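Here the structure comes first, spelled out in structure tokens, and everything after it is commentary.
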Amino acid sequence: MGQRVGRILFSLLGVAALAAAGLLVPHFLTPANLLNVVRQSSIIGIGAVGMTMVIVILGIDLSIAGLIALCPMVSGLLMLQGVPIVISIVAGIIAGIGMGLFNGLMVAKLDVPPFITTLVVGQVSQGLALIMNNGRSIGGFPASYVHIGNGSFLGIPVSDLLLLVMMGIGIFITQFTPTGNRIYALGGNETVVRQEGINVDGLKLFVYAFSGFCASIAGILLSAQLDTVHPIQGDPYLLDTIAACVIGGVSLAGGEGRVAMAVGGALIIGSVRNVLDLLGVHPFFQNVLVGTIIILVVFGSGLSRYRRTVPV
Amino acid sequence: MRGIIQHALKNGSAVILVLLVLVGIVFVRNFASVDNAAVIVRQSAIPAIAVLGMTMVLMIGGIDLSLGFVVGLASTATGFMAKVWGLPVDLTVAATVLIGALVGLVNGAIIQYMKVPSFITTLGTGYILYGISQLVSAGNVITRLPPSLLAVGRTDLLGLPTSVYIAVGIIALGWFLIHRSVFGRALSAFGFNSRAAFLSGLSTARVNVLTYVLCSSLAALAGLLLTIRVNAAQPNMGGGVFTFEIITAAIVGGTSLFGGVGSVIGSLFGVLIIKVIENCINLMNISYHLYLAVQGGIILTVIVMDKIRSRAA
Amino acid sequence: MPIVHFFTHTFLFKRCAVRGLSKVPAAVFALALIAGTTFTGVKQSTAAESSGSKGTIALSLKTITNDDFQKALADAVKAKTESMGYTFLLVTAGEQTAVSTQVNQVEDLIAKKVTGIVLNPMDGNAVVPVLGKARDAGIPVVIVDSPVAKGHDDLYITFVGTDNFNAGMQAGKQMVQALGNKGKVLVVRGANGSVAGDNRVDGFKKGLEGSGVMIAGEQPGNWTNSVAMQVTENMLQANKDVQGLFSASDVMLDGILEALSDANRKGIVIISVDGSHKAVDLLAAGEIYGTMAQFPQKIGSLAVEKLVSVIENKSAANSIPKVIDSGTMLYSKDNLDEAKKQMF
Amino acid sequence: MDEPLLEMHEITKYIYDSSGRPIRNSDVKILDSVSFDLHKGEVHVLVGENGAGKSTLMKILGGIIPPDQGTITLEGAAVSFASAREARDRGVAFIHQELNLCANLDVAHNIFLGREPTRGGVLDKKKLYAQARALLSSLGFEIDPMVILGRLTTAHQQIVEIAKALSYESKILIMDEPTASLSKNEIDRLFSLMRTLQARGIGIVYISHRFEELRQVGDRISVLRDGRSIGTICSQGFLEDEVIQMMVGRSIDDMYPRSHRPTDDVLLAVENLRLLPGTPPLSLTVHRGEVVGISGLVGSGRTELLKTIFGARRLLSGRIVYNGSKINGWRPGRLVRAGMAYLSEDRKTEGLIIAMTIRENVTLASLFRLFRFGMISQRKESEAARKRVQQLRIVARSVEQTVGTLSGGNQQRTVFAKWRAAEPQLLLLDEPTRGIDVGAKSQIYKMIDEIAAQGLGVLMVSSELPELIGMSDRIYVMRGGTLVAELTEREAMTQAGILAHILIGARN
């Protein structure tokens, strides 16, 4: 149960850090800004939900950069054709799930390493996003669509709610369903899972498809926030999403890590960048700092990983 | 030499490369010309140097996402030393490679002693290096580099620039290092089972750190030659795109992401495959928007083909 | 005890990784964050100390990396801002592609309650919502360099910049002239998805319309010399007989020229866009035929002028036209002295 | 006894050619019409050298591979299992030698992996943990079902695996060397558990190499050799030699050769070494030409002690003198060059690189000696490897065969070959004969004796008291992370005497 304690302390210290930042940085702890932070982190956060599961089964999904551009491009174009919003959104999501499934197939059936599969699939999706509108961005979507990104419900931005929902789904799947248990088992010891007669390929397909689903939601949300689909809007999100998972303690060695923590990681990255912007720190210097934090955080969590049953 | 040829034949990427070239010769106008061949070779030389380092890192079961940013840093550094400070050529070259070695030392040290997985370490140092080279250069591009420096990589021998010969030399050295040396054996030993290797008396620290030092040094050298090639030093040279291109090349060449297995010749073919694809796309003037999709599609088919082939075998 | 086992199992990360997470990361994060904020905080306080400042004017750009134009623009805005007694603040999204990063940064600027914003949108559509937020927050905005999507005039004071399409078209016309209305040309585009780049190339094509000059090859150079060089090399292989080449920006000229000299192609008519000192040097050296000039100094100072006038008197907005074209002109060997004066 | 629970009749398995087709005409068969039966509540022990066909027979029973000929009758009904899963559903559970659980999941989630109790698709955790706890306590173990498996001791992990198997209402339990990694008292608990299972009428097939166990558990012993059943005897008062006869077809008289004579000059001296901050310091010496044994329970710090000496584990306090020089803080790399060798108890993950060839493994620890200038000459390397392969009589197609494809005995021989090639002066052996057959064991005993006779020192950890007593000149007893006794006199070295120290920790 040391883990649970660890998690609580993690969150507490996270809060403490934010408080510290609040004291040091004017305008940081204003409600408006904090909502901003969450909204800006929501894309990374949603991506991290899916990414967590992928990393837990010892995979990685580099295709989300492409998907964050491709899926909303599909939805957006349909929407501008006058297709009903819901249908266009669904189409975008299907595109994401489809690409995810393809990743899964390559990994499960042809056992191509996820790293390379998803890298290339991402590149292809990126390319498709460019082709669809000749590399131009599209915008001027129906108000109700833009509302998803910028409107708020009961005073809480819709984006934040969406993030919560996706996080909820992720937590439910990983922690409250048999599938979740099997996902972690898969990350822990694949042979055992196979012996149990569990459909391993099915699991992998599901996980990658779900990651594609998350990417599509993230992309659509982003485009709703910007009232735009830019064909290369996904680029900045890939590394930040992985970093979010890592900062949230998702182990690249598989079988370890929680969705909620990964979302926490996303919020951390979001607030760091926000703080640095508020301080007017040069973006190049931001890179330096973010890089340092990533390494230090993992170093820190690594330290705690060497506990082991003591010889009697 | 016989060894090299055997390796080549064992390697699936050789087959694929030949197929691609045949396709090019048959279907792509202007592909089959000595000129164009020379162009492809020129374009492949520099990535070929970088992929050597990546191959070694992948062999010990690591990965180096900072490689492309080392290229950028090296480019900036070269420009500064050669143009702004006007250092002599030999000093510039030495210093640039040294900077690379330094970066590798940091990567290796963090991975070895702080136990941060290579993926994260190099992800982080990548961010950092990019930041640094931007700050140093203040985003400036340095062009019109001194001829004495340019001579290092561009002096023409039998129709090919010296950079190509440098690459060939380094590849040959690399081949012996990886396939015929104790160090190379240690690389795959650690890649397969680092504990057993360590308990057999191989020095984890030395191999680990040295590997990253070599990788970054080669990346720096690549950055130097790339700078010389375009005669412009700029921080955003290389970058993430370059990194992933190199990783793709290595994997297409049959190097395993799970460590232990690696082939210099294979990686070399990997680079050639990618460059041939890019070359064909340009020659056929495929719509610039299709570029990414087509390139990705072909690489995907290459990987699948290779998988199926190895399944059959 | 843990430390012992730290050493027991230093060999293999994997083996050790299958363990719970602890508070350490958050602690480290807290430290790093506080460290970061405190010592950058110093920077800030000093900025504020430049007393007598009437407020802060922020400039948001995509990047100043390898982009003399953006740098010149930034310098101009800075100079003008400070000369008018305001504090200057530069935020750059850093990456060529970080569309949303820029939007986030502008949001942060609003949260920070800056006095006014000069914005160079990376995407004409993407900035629309955030412009709305700025208006709601009562922060006046002037758009520079690349325009906002049509139909949102009410969101900003004015747009000051080069008409990229026009610049491209002029380039096209010049090309036709230079080639005597016949021949093949290559086009090295910007990065895929870059509005300004696309407009220039579209304009260039427009300029060629109805002439005997046709485009033989067209590939993206990603605003980077190394990429530009490679695509040029390859296109030259496919087209042995090109007489002209259009580059979407000066920033790719070095790579292009290297490719040409490697293929030892002489006498190819090269026209570019920007009018940077680099291009002018090349012009003087006779390496290129010409470049369509932009005037960042003019754009920068005009922008700040208009912005400040509105900051100090809201009603001024009405008297300002929605589009201020800073114009363009061809720098060629015929007007080198002119160019040397104007170039950035 | 009543009618048998299980009957395997005339089971035959052919050897297969490269293309996977069975070679029927060959007179060599993996299993040659072997019959085997098991009664309710019986423990039927299966012994035989590696490659005798034990595991193949059990794999067939466990549904992992199909037989080519023969029938399996379960409670009178003929059955044929398509998969391990089917076999288990029909009540045949296989407890493999290496653990088949997920170290990152907690106990309950491991036990019910694949058939987690749910309510409306949602994981019913209360039920999950309740069932797990009930199951474990029914076996007489109070293991917290919420604890992450990786944090349990090997023994407890094994219990969990048995519990998991039983949760399938198994009628038959196949145990492949379950005691390999267990310590004495853990073994006793396991045996008592087995008796409870017997009482429930569960039949157990028990594979083991340890004779002293066969008397405690086991009603009948069946011996396999070269794929044929040699015979079945009652385990009540069987004669070890008789069984060994049946297994190897020859009697191994003088299992433990003692040609070596200890000298007086000290090769290794450990002084006031602390393994953990809490534990009392320990001291020991090893002389040239001497075999020193270390006895103790798993987890008593035996392995940690060897690893500390070998520099693979940090030294808290104390000093280690080897060959006259202080070696505190030396890493394995340096020690190997100085002639120290460490043979790990865990050959698959620490001893060998199973993905590499015999050649590469054999030369791994001596590359620095073979190739002074860092360049490998393949000819020279192959020669060196072949020499050792012959010397240790490793059975393999060629030195280019991947180690992973070798039998356990040959893998262990390969590890020895690696260290022989390194020409060591001091060998640290951790469970040198774990999980290998009698033939291989006796050969390894000969080798250890030879090594000592050549004037090298050997420090040997073993859970098998007979071999420890048989081989050692002196025996240290370890308990709670320190040495609690040193036995120098042959007559003091009795199983009873040593056990007394291990369990009670009485000091001389």
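Letters A, B, C and D mark the chains in the order given here, with residues in each chain numbered from 1 onward.
Quick note on the criterion: contacts are C-beta pairs under 8 Å (C-beta built on N, C-alpha and C of every residue); 3 or more make two chains touch, one makes a residue touch a chain.
Because the structure is a prediction, the values reported are computed rather than measured.
A.B. asks: Sort out for me whether A-D or A-B is joined by the greater number of C-beta contact pairs.
C.D. replies: A-B
A.B. asks: Please identify which chain has its centre, taken as the mean of its CA atoms, farthest from the centre of subunit B.
C.D. replies: Result for max centroid distance from subunit B is chain D.
A.B. asks: Between subunit A and subunit C, what is the separation of their C-alpha centroids in Å?
C.D. replies: Centre-to-centre distance between subunit A and subunit C: 29 Å.
A.B. asks: What is the distance in Å between the mean C-alpha positions of subunit A and subunit D?
C.D. replies: Taking the average C-alpha coordinate of subunit A and of subunit D, the gap between them is 45 Å.
A.B. asks: Once you find the CA centre of subunit C and the CA centre of subunit D, what distance in Å lies between them?
C.D. replies: Measuring from centre to centre gives 67 Å for this pair.
A.B. asks: Residues of subunit B touching 2+ other chains?
C.D. replies: 115, 117, 134, 195, 198, 288-289, 291-292
A.B. asks: For subunit A, give me the residues that contact two or more of the other chains.
C.D. replies: Subunit A, residues with two or more chain partners: 130, 135, 188, 252-253, 255-256, 282, 284-287, 292, 298-299, 302-303, 308, 310.
A.B. asks: Residues of subunit C that contact two or more other chains, please.
C.D. replies: Within subunit C, the residues that touch at least two other chains are 1, 8, 11, 13, 16-20, 94, 192.
A.B. asks: Provide the residue numbers of subunit B that touch subunit C in the complex, in ascending order.
C.D. replies: Its residues touching subunit C are 29-31, 33, 35-36, 39, 42-43, 115, 117, 134, 138-141, 143, 194-195, 198, 204, 226, 229-232, 234-238, 278-279, 282-285, 288-289, 291-292.
A.B. asks: In the complex of these two chains, what residues of subunit A are touching subunit C?
C.D. replies: Touch residues, subunit A against subunit C: 2-3, 6-7, 9-14, 16-17, 20-21, 24-27, 30, 32-33, 36, 40, 43, 130, 135-140, 146, 149-150, 188, 222, 225-228, 230-233, 235-236, 247, 249, 251-257, 261, 268, 271-287, 289, 292-293, 296-308, 310.
A.B. asks: Residue numbers of subunit D touching subunit B in their complex, please.
C.D. replies: Contacts found on subunit D: 310, 312, 331-333, 335-337, 342, 344, 349-356, 360, 364-365, 367-368, 371, 374-376, 378, 418, 422.
A.B. asks: Of all residues in subunit A, which touch subunit B in the complex?
C.D. replies: The contact residues of subunit A facing subunit B are 106, 110-113, 115-117, 119-121, 123-124, 126-128, 130-131, 134-135, 239, 242-243, 246, 252-253, 282, 284-288, 290-292, 294-295, 298-299, 302-303.
A.B. asks: Quick one: which bits of subunit A touch subunit D in the complex? Just the residue numbers, please.
C.D. replies: 1, 175-178, 180-182, 184-185, 187-189, 191-193, 195-198, 255-256, 308-312
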